[in-house]
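Below is one structure. I have some questions about it.
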Amino acid sequence: MTRLAQGKARLAQVDAAAADDVMASLATIAPDVGKYILEFAFGDIYTRPGLDLKQRELVTITSLLTQGDTANQLQVHLNGCLNVGLTQTEVIEAMIQCLPYVGFPKVLNAITVAKDVFAARA
Amino acid sequence: MTRLAQGKARLAQVDAAAADDVMASLATIAPDVGKYILEFAFGDIYTRPGLDLKQRELVTITSLLTQGDTANQLQVHLNGCLNVGLTQTEVIEAMIQCLPYVGFPKVLNAITVAKDVFAARA
Amino acid sequence: MTRLAQGKARLAQVDAAAADDVMASLATIAPDVGKYILEFAFGDIYTRPGLDLKQRELVTITSLLTQGDTANQLQVHLNGCLNVGLTQTEVIEAMIQCLPYVGFPKVLNAITVAKDVFAARA
Amino acid sequence: MTRLAQGKARLAQVDAAAADDVMASLATIAPDVGKYILEFAFGDIYTRPGLDLKQRELVTITSLLTQGDTANQLQVHLNGCLNVGLTQTEVIEAMIQCLPYVGFPKVLNAITVAKDVFAARA
Amino acid sequence: MTRLAQGKARLAQVDAAAADDVMASLATIAPDVGKYILEFAFGDIYTRPGLDLKQRELVTITSLLTQGDTANQLQVHLNGCLNVGLTQTEVIEAMIQCLPYVGFPKVLNAITVAKDVFAARA
Amino acid sequence: MTRLAQGKARLAQVDAAAADDVMASLATIAPDVGKYILEFAFGDIYTRPGLDLKQRELVTITSLLTQGDTANQLQVHLNGCLNVGLTQTEVIEAMIQCLPYVGFPKVLNAITVAKDVFAARA
């Protein structure tokens, strides 16, 4: 299976709906970026052994929360977290664990996104 | 048990040696910061249910790696990761999982710290 | 008086209206984060001696402006600045003082928030 | 010619329309910031020899993309890029070149702004 | 008095020794950057009315602490803080005030620099 | 030619000596990260049409300067800049162009690295 096919399969496990949106939005302006997301992020990285998908999504939302200005990406990966089996409690706890390291503003921003994501799935 | 005592007990589980160093270095200039680390970070946050210590350390090193300029804190929490039962492979995999989200420079910086920490424990 | 009660009293001095909004928005999804804001941020930190409330709010808006992606928190603390007695001129001057250290984009972002806050209080 | 006049002339070359908007929005709240943009950013810096305007705009959008929370400023300077002669392809390629250094989220944010800018000029 | 002369006079009030070092280090590689520090940062900005020098230095160290990777600049402006009349207690309190907004790692980094600066002046 | 071979060839053009160091340092702890640098950063991205190597290096040092905590990577790519034909003046001008967008501290940090790199090649 090619890296592209592996990436597509893995992304479908994480967040199939969001993936289609991102790819469609990149199609006319920067299709190669969509290809790199599939090949590199999901084909090379997400398919590695060593961490399970729940751990990978935990790491991903932590990184997104910490860098800030990532509400759109957090929305995708909060859905991803829940899709691969993390609970809403675990997601919120991961954000609370960041409090001593990044302070309140970034955690509050992430919780705001989580609130919308959880509501949309209720 | 007080928040302070709970925090001390929890920090001792994560990285007892580093804790002593940080507290000693804060003792003369800002002892309350040491107290807040124990009471808030380790007493309030690290003792919460919802995530186990391995998950909390995974989130912590991801947050430190992502914000940058945290080599000292990464050193403490990379030891913490290994002390609470994460393997060296899991630690490195968490860093690699950050590649699509933060790029290579911050991951390379964190791997450099990990190399020293792993060597010191070998 | 408990840390929680102290924090509530202090937050009421800084920005009572905003506080209610933040707590209400956290109530269903992460009420402990609201508790930590009251106990730690406002109970432990804002009640310390050594700086007056005007100096603390000056430091706070500077930190928020500098880290970016904090429009919501800036809105709260720009009101806080004015509530504790800083003038609109002092607030804008603090933002201008940041120009050599963070450049124009973050200062322009903060001024945009200030413009809305000042207008809403006019 | 004064620094102010030089800055105005140079800014007019980069993005005349956006400049008027920024100055108007600063006029009542912080007019000196508008003056510093003209005198320092465009009068002192943009008029230096050593790099041509295309190189300066390439550096500028890279810096804005990398720091994040700069959608408004990116909009101005993406127009600036095209106004001074960079092609849409070059702009997108510069964003793609950032992928290994900042990761996907910031690049996706910038591409979203570029999509709007390109559409508005079509 | 020219902007350059005003900037030199103001910088001499804040931290004369550090200023000489920075200018000397820029002299061969980028002397204009030294000139902009004097003209823009210290001539235009630090000489503005609206905030006194103590407030300006409080804002400056907060901005430096918050953005990270600024140990050298913090060293200059921690001396500046003390030179313009802030006490060591006020400086440390400003750092502690940042805890809820930036988390522990950046505050610990800044305290480490403060410890060296205070010791060198003892 | 494989992505790996293309990446190796391209990296050799940019900074052959540094490449060997980075790969050697990753060999025992995270060899796949070295592979991804070659395959993704240099094989996929650096070999794209649309920007020449001088433009790509200009974008790269701007991104590194802007994110901070990247002295090691800046050292590699400042050599890369000069290796692909940018002049020392162009490199310093790119840093000066960042002044209005990131402020003085990050630019001063980058100039410090540049000074060492230029001296080592003199």
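So that you can tell them apart, the chains are marked A, B, C, D, E and F in the order they are listed, and the count of residues begins at 1 in each.
To be clear about the criterion, a residue touches a chain if its C-beta (ideal position, glycine included) is under 8 Å from a C-beta of that chain, and two chains touch if they have at least 3 such contacts.
Computed from a prediction, not measured in an experiment: that's the story for all the values here.
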Among the other chains, which touch chain C and chain E together?
A, B, D, F
Chain pair among B-F, D-F or A-F whose interface repeats that of C-E, sharing over half of the contact pairs by residue number:
D-F
So which chain is the furthest away from chain C, centre to centre on CA atoms?
F
By mean C-alpha coordinates, which chain is most distant from chain A?
E
Please tell me the distance, in whole Å, between the geometric centres of chain A and chain B computed from their C-alpha atoms.
23
With chain centres taken as the means of their Cα atoms, state the distance from chain B to chain E in Å.
30
Using CA atom averages as chain centres, what separation in Å is found between chain B and chain D?
39
If I count partner chains per residue in chain D, which residues reach a count of at least 2?
32, 36-37, 40-41, 48, 64, 67-69, 73, 92, 96, 98-102, 104-105
Using the touch definition up top, name the residues of chain B that touch chain C in the complex.
32, 36, 40, 44, 48
Inside the complex, what are the residues of chain C that reach chain A?
22, 25-26, 29-30, 32-33, 36-37, 41, 64, 67-70, 72-73
Contact residues on chain E for chain B in the complex?
68-69, 92, 95-96, 99, 104-109, 111-112, 114-115, 118
Which residues of chain D touch chain B in their complex?
98-105
Complex interface listing, chain C residues touching chain E:
37, 40-41, 45-46, 48, 50-51, 55-56, 58-60, 62-67, 73, 89-90, 92-94, 96-102
